Structures are given as C-alpha cells and as structure tokens.
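I've put the structures underneath this note.
Next come two complexes, and both contain chain A; in the first it sits with chain B, in the second with chain C.
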Partner chain A sequence: MQIELEEVSYAYEEGPVVLKNIDLSIEEGSFVGFMGRTGCGKTTLIQLIAGLLVPFEGKVLIDGKDINSKKYDRSELRRKVGVVFQYPEYQLFETTVEKDVAFGLKYSGLDREDIRQRVKEALETMGFCFENIRLQSPLALSGGEKRRVAIAGVLAVKPKILLFDEPVAGLDPLGRESFLQLLSHLNNEGTTIIMVSHNADALAECAKRLIVLENGRIAQDGTVSKVFFDIDYMKSLHVGVSTARLVSDMLLHEGIAVTKDTVRYDQLLCSLRTILKGKGSL
Partner chain B sequence: MKDLLVGRFIPGKSLLYQLDARVKLVSLLLLLLAIIMAETARQYLLLLGAIGMILVLSAIPVRAALGSLVRMWQFFLIVFLMNAFFFTDANPLWTWGIFHLSFQGLAQGANVVVRILLVMVLSNILTCTTAPMEITFAGERLLRPLGCLHVPVEEVAMIVSVAIQFIPILGEEAQMIRKAQIARGARFESKNLLERATSLFPLVIPLFLAAFRRADELSLAMEARGYKNARERTRKRPEPLHAKDYLFLGSILLLSLFSVSIRG
Partner chain C sequence: MVMVIEGTGLGYSYEFDGSAVLALEDVDITIGKGEFVTILGQNGSGKSTLVKHLNALLPIQKGHLCVEGLDVRLQDNIWKLRRLCGMVFQNPDNQFVSSIVEEDIAFGLENYGVPQETIAKKVKEALHSVGMDDFGKRALNTLSGGQKQRVALAGVLALDPDIIVFDEATAMLDPQGREEVLNMINDLHKKEHKTIVMISHYVDEAVLADRIYLIHKGKILKNGTPQEILTNYALMRSAGLLPPIPVLLYYDLKASGITLSSCPLTNEELVEEICRLS
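Let's turn to the complex of A and B:
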C-alpha cells in the first residue's frame, strides 16, 4: 500500500474533533475522489496525508514509513507528495513564470539544464508554449492561466502522489474538461491521484474509487457506481450523485432499460444509443 | 504565530464584559495616570490590589492576562538593567567604565519594570474582555469632539476597525500560503540567516497580494452597499450608560485620586 492511515484522529486546538479513527489505505496508481459536505474533514485529511498537519492520534504511512516519526526525511515526502490547494494561483510570487515553476526544484539537487527541462515539460503538460510564457510575470496572467502555472509548479517536482483540493472550482467548462483529461492522463502514467471535490460529475468522470466523509468518519467507500447507487442515501449525506446517474434513474423509472450502474455521460449515451438502435425510434 | 493571540478577546459574561467599552477605556486611562504617578510601595500595593480586583471581576483565565508577560522576561530584564546601570548617582555602589550601580538606580529600575507590568496587565484585561470593534467604537465616541477641529474621527475609526477585522483573515491566509509553499518544497526553517530572510518572499509576496485583493473587494462591496463618508453614521444599537457603568467609573476615579493623594 502506498498510503495508509491507521486509526487517525484529528482535532483543531480548542475545537471539535474533525476526524475520528480513520482507517484507510490507498494503492499506488489509484484515483480516489473524496466527497462530503462542507466541514466534514476533507481538507484536513488531505493535509494529514501531505504531512502539513500532524494527527492527534494514529499514524500516516507513505510507502510503509511513518511520515511523522522523527527519523523520517521530510524532503523525501515533499518529493513524493504534491499538493494543489484550492485557489493555487494565490501562491505565485516570482518575477517570471519559469522561476515560479522551478521554485519547488530549488533544493532538488538537479542541475540547471535538468531543472529547465522539468519546467518546460510541466508547462507544456499544462498547455503552455514554454518559449512564449517563460519570461512573463505570473501575476499578470489571467485567472485560469495563473492556476495552470501554479499546478505546473507542483507537477515539475514529479510527485508520485498528487493531492488536489477542489481543483475545478471556478474553472470554465472547457478548462474543466481539459483539466480532468490531464488528471486522467497523469493517472494513466502511474501517478496516484487524490481529489477532493463537490462536483459529482467531475468525480464520476475520472475517479475509480469514491470515499464519502460525514462528521469525520468514512460513510461510503467503493467504486463510483457502487457509491452513487443509492441516490437518497447520498442526498442525506449532503452530496449529490452525478447527473448521468440521476438521468438514468429517471429513465429506469419511466421504463427505459438503461444500464443500472450508469454514472458517466459516455455510459449513458452508449446505452441510449443501443436502445435507440433496437427500437428504430424512441 | 500563536503568541500574537495573547490578549485577544475571549467571549464571556462577567461584570467587566457588561460594562460599556467607553467606561473601560477611560478607567484604563485613569489607572494609567495613577500608575505613572505612583512612587511609594503603598501606592503600588493599592494599585496592585485594585488590578487584582479587576482581574477577579473579569473572570478571565489568569493565563490570558499574564501569559505574555512571563514570556517577555528578557525585555523586562533589559529594561531593569538599563535603568539600574545607567542611573547617575553621587555615591554609586560599584563603578566600571560607564556602568554605575546604585541603590537609586536599582529602585528606579524596579519602578519602571513594575509600572510597565501593571500597565500591560491592565491593557490585557481590556482587550480580553472587550471585542476589538467595541474598543474602536469607544475610541470614536470619546474622540468625537475632535471633529470640531476637522479631524476625520469617523473615517479613522472606520479604517482602524477594518484593519482590526482583517488581522485574523490575513492570519488564516498566511497559514494557507505557508502550507502551500511548504508543500511545494519551501524551507522556512533554514539556519542560514540570509537564506531564512529570502525564504520569506514566497510567504510575504502572496500575502501582500491577498491583502490588496481583499481591500479592493471590500471597497467595492462597501460602495455597493451605499457606504459614504460624507454624513454622520448612525449606530445599530443605542448606547446609554447604565448604573453599573457610572458606579465602576466612579470607584476607579476615586481610587486613582486617592492613590495620587497618598504620594507622600
């Protein structure tokens, strides 16, 4: 197991307990989505995995090593785990895009040429032309561009685990689409991806496993189609299900036999097409 | 970061919370005068007793009022030594170069330290029991007569209150940016002094940008809601002084006068 949480609890100082006895293991190369109402502890969980918060009780293990033990080398953690917070564009500060993206590589021990290569790759992955963008001020870019530059800064370190906290909030539909494609692409190349989001459609689109948190506990854990199956239960947890799941449920009630575990648009379209072909017309 | 929070407002219901902020502010000033004019042990004991009483009445945890003072012991030590060694006296106990140690110097040092301590405890009690906004409003009310001299009291009060309200927001923002930069590989704990100074850029620059962004947004929001500084603003709640306010202010006034009168 790449990431393991053993009986992890967390409480803020003088505040209520945020996470209670979380046991969780995440395999290498998986794509896990976290859902849950505001304040259920999703962001805290991300920060615990990233080692930015220390659990009150319990252990966080990455590649079998306790990341909060004194012997653990923190810089190893930084190389392994990349975090993209909500509104990552607010962390930009350098004078040029190239310098800002290279910031995380400062202590990596790589030579200049390698760093430049990494920065170029990361910016190109985020859809920029390196030569055009490298000398621009990151602060003068548009909102969407800033966010892509900030994410490039995290990608440049080439972490094996990527944590995203609500990454699609505030992106336009096209930006969201290409961002989700990028996530799937990174995941296909072997990067473990953990993504916190309220956006059920986005999670249905790319996550392989879904975990729903409620009051600091894991309420649901399983494949997307399993978790999205019980629509009423999901609503009672203050998280919805994907639009495709809702539509297919309505169609089933109307007597149109779409596949039961439909959660994504392409699945819905596919089964509708099959039905239409069979009937000739609806 | 956490040290900044000492003396912050702690919600509560004791007598001191019920008093009007103006009364508390004036009482603080009166006691301040009494402390500055105190010289004899009798006066200090009297004031110490009074402050003890106030602390009891406030019912705030003692740690909240005194915690920061314990951590500032180096500051008090330096103040004490500066006074003790540089006091020019005719018959010093001990002299070495520019340093003179004398009884009077020691007394002076103790005097200054005790005064600072008392003032700090009092102001801690004030800020612990009075919300920052209340203090600002009280200041505005008390300084209102200056308006006749074309001092923009209301505007200044508004600026101060906005600034106060922004402190926790920017603090939270700073925490978030710090975490984001650490996650990107920033190191804030380097031992090299120059490195440590430059390592602050990734924290300070985004924080400045955030402050400007928030200021812009706030000014737009205020305008959208019809804020104008041309006319006198009304307050949401009426603010008459109650019997306990007069009682408290009266007793503090008497105490201060008494303390000054027994100067000897």
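Let's turn to the complex of A and C:
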C-alpha cells in the first residue's frame, strides 16, 4: 500500500476532535475523491497525509514508512507528495513565473538545464506557452491563470502522489473540464490522485473510489456508483450526488428504465439514446 | 420599474508593467429596483471589474454610472454608496477586519456611527438571519469556509443595504452551505425586496435570476431571461461557458435524432420532457 492511515485521530487546539480513528489504505495509481460537509475533516486529512499536521494518535505511512517518526527523511516526503491547496494562487510569491515554478526544485540536486526543462514541461502541461509566460509576474495574472501556474509548481517536482483540496471551485466550466482531463491524464500515467471536492459531477467523471466523511469518520467508501446509489443517505451526510445520478433516479421513479448505476453524463446520454431511439424524430 | 443601477459606456483597463489590459469595454447595464440579476461569464471576463464599480471600489475610467440616482464619480457619494450597496466576495478571509465574529460584524456599523445598544441588537439579528446565532464569540480562524462566508454575509446584512452584490459567494461552499446561501439570496430578493446582483459562472445558479447579463472579454454579449440565455448553446459557448446539463442533454439527444418538444433548463423539466416522449 502506498498510503496507510492507522487509527489516526486529530483535534485542533481548543476545538472538538476533527478526525476519529481513521483506518484507510490507498493503493498506488488510485484516483480517490473525498466528500463531506464543510468542517467534516477533509482538509485535515489531506494535511495529515502531506505531513503538514501530526496526528495525536495513530500513524500515517507512505510506502510503508511512518512519516512522523524521527528517523524519517522528510525530504523524501516532499518529493513524493505534492499538495495543491484550496486557494493555490496564494502559494505564488516569486517575481517571475519561471522562478516560481522552479522553486520546489531548488534543492533537488538537478542542474539548471534539467530544472528549466521540468519547468517548461510543467507549464506546458498546464496549457501555457513557456516563452510567453516565463518572465511575467505571477501576481499580475488572472485568477484562473494564477491557479494553473501554482499547480505547475507542484507538478514540476513530479510527485507520485498529488493531493488536491477543492481544486475546481472557482474555475469556470471550460477551465474545470480541461483541469479534470489533466488529472485523469496524470492518473493514467501512474500518479496517485486524491481530490477533495464538493463537486459531485466532477468526482463522478474522474474518481475511481469515493470516500465520504462525516464528523471525522468514514461514512461511505467504495466505487462512485456504489457511493452515489443511496441518494437519501448521501443527503443526510450533507453531500450531493452527480446530476446524471439524480436525473436517472427521477427517471426510474417515472418508470423509465435507465441503467441503474448511471453516475456520469455519458452513461445517461447513452441510456437515453437507447430508450428514446426512434421517438421524437421529426 | 424604478432603475437603481444605470450605467452606460463603462470601460476599464488595468495597468500591468506599463501596459494597459482592457477589462471592460463599452458596457451598458440597467438594473431595476428589486430585480435579481446574474452577471454570467468565465474567469477573467470582467464580471468582478464591472460590479466593483457599483460602490466605487474601482473608479470610473470611462462612461457614466448612477446607483440609486447617485453619481458614482462624486467623492461625496462614496459613503452613501457603500451603505446602499453591500458586497460579499468569494473568499471571506479577504473581507474580515477582526478576529472575533461579532466584532467583525459590528465593524461596519461602528463606522457609520450606530449607537452601541443598537449595534448589539443588529449583530444578533444578522447572525440569526445567517443561522449562526451561537457563533458570536468564536474566533474567525476556527470557522470552516462555509461558516466564514455566512459571517461575511451577516456583516453586510447588518448595514441593511438596498442592493447586495454576491461575487462568486457560493464557490467555496459545500452543497448544503450553497443551498443555504442561495435560499438566503432568494429570501432577500422575494421577502425583503432587495436588489440582488450575483456574479457567477455556475449556470445552475443563474437559473434563479430574473435576468442574466452574459459577459465575455469585457463586453456584454446579451442580456435576457435565463431561458433566453442558457438554452442558447452557441451563445453560451461563445462566452466560454457550458449550458446546464439538461440543455446539454437536449442538444446531444437532438444530434442523435431525438428531439424533445422544448429545451429544458432544470432537471425536473428534463424528466418531464423525457416522460412526454417515451
């Protein structure tokens, strides 16, 4: 197992317990979505996996090693795990885009040419033309561009595990679509992706496994179609299901036999094409 | 209808490293009293730039703008404008001035010289209206994103503005938080008869508005009812947006030779249309 949490609990000072006895293992190359109402502990969980918080009980293991043990080499963690926070644009601070994206590689031991190549690749992956963007100030870019530059900075390190905390909030539909394609692409190349999001449609499109947290515990864990199946239960956990799932449930209630485990748009479209074939044509 | 926002020929450019970047170009906008208007557009389309003119957060560079009859250019009007027109932004952290919830909400009232007894009452009412009665003494940094957003809204409501602008105010909220804020917006519109200006790129939120201004690259492409704007696939794409899922499905089905009798906007309408056909 690449990531293991063993009976992990966490509480903030003067606050209630945020995570309670979490047992969780995540395989290499998975794409896991985390959902749950605001304050359920999603962000805390991400920060524990990234080693930014230390659990007050339990262990976090990455590739079998306890990341909070004194003997653990933290630089290994920094190379393996990349984090993109809720407002990644706040992670920007350098005077040029190139310098900003290169920052994480400063102490990587790579030579200048290799670093430049990595930076170029990362920026191109995020849809930029390297020559046009490299000398611009990251702070003078638009919100969406800033976000893409910040993500490039994380990608440049080529981490094997990428953690995203609510990455699509605030991105417009086309920006969201191309971002999700990028995530799927990275995942297909073997990167483990963990993504916290409220966006059920986005998760339905790309996650292979969904975990729903409630009050610091795991309430649901399974494939997207399994987790989205019980709409009422999901509602009681204060999370939504995908539009395709909602619509197919409404259709089933009307006696229209769409495929029962429909969760994605293309599945719904496919189902409806078959059912409505030959009807409504002029 | 009495017009509360009347702007003509608005233009604005930002300056970066000596070169000007055009953010708004020749924008005309009129919003009636009590209307609920959504400004819809993709990231960087000029939505925020436009609404920041409404209470003089950005100075007028080009064109004319009156809000409730007050010329936004006049320095003397600025304090009146800021009270008349409250704003809630995407990231509440940028909006807080204090570290304690009730102090933060009281800040605006203190600035307007509201007496202490009234302030306490107003703060309580404002917290109640956003469903955060017990959070007055809490430190803001202990709140979740959604809770913070509700405190930011309470801070604006405490001043009892006529016009409330929501700049992507639901973007960071969970579905329940989003629904709460949207319900609150609807109540402010329907029961309190506030004029609502909502900036969004969530097409399913835009459905709620009386009217939509579709903006792209600083220009208004069209203004009309949600039905007129959101069901127009080509128009939405030209603004760099995707129509709501029911509309997408309508067009995708049509492409495979299946035509629903009318283009649905909501899930309910979609299901109705499909039932009618099968």
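As a working rule, the second predicted complex is superposed on the first by the 277 of 282 C-alpha atoms of A that agree within 3 Å, B and C clash if a C-alpha of one lies under 4 Å from a C-alpha of the other, contacts with A are read in each partner's own complex, and residues count from 1 in each chain.
The working rule: a residue touches a chain if its C-beta (ideal position, glycine included) is under 8 Å from a C-beta of that chain, and two chains touch if they have at least 3 such contacts.
Remember, it's a predicted structure, so these values are computed and weren't measured experimentally.
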{"item": "Partner chain in contact with A:Arg78 - chain B first, chain C second, else both or neither", "value": "first"}
{"item": "Chain B versus chain C as contact partner of A:Gly64, first or second or both or neither", "value": "neither"}
{"item": "Touching partner for A:Gly240 - first (chain B), second (chain C), both, neither", "value": "second"}
{"item": "Partner chain in contact with A:Leu268 - chain B first, chain C second, else both or neither", "value": "second"}
{"item": "More chain A residues in contact - chain B or chain C", "value": "C"}
{"item": "Of all residues in chain A, those that touch chain B in their complex", "value": "47, 50, 52, 75, 78-79, 81-83, 85, 88, 90-93, 103-108, 139, 153-154, 157"}
{"item": "Residues on chain C engaged by chain A in the complex (per definition of touch)", "value": "16-17, 41-44, 90-91, 142, 144-147, 168, 171-178, 201, 203, 240-242, 245-246, 248-249, 252-253, 256-261, 267-268, 270-271, 274-275, 277-278"}
{"item": "In the complex, chain A residues that touch chain C", "value": "12, 14-15, 36-39, 86-87, 137, 140, 142-145, 166, 169-175, 177, 198, 200-201, 238-240, 243-244, 246-247, 250-251, 254, 256, 265, 268-269, 272-273, 275-277, 279-282"}
{"item": "Chain B to chain A touching residues, read off their complex", "value": "173, 176-177, 179-187, 201-202, 205-206, 209-210"}
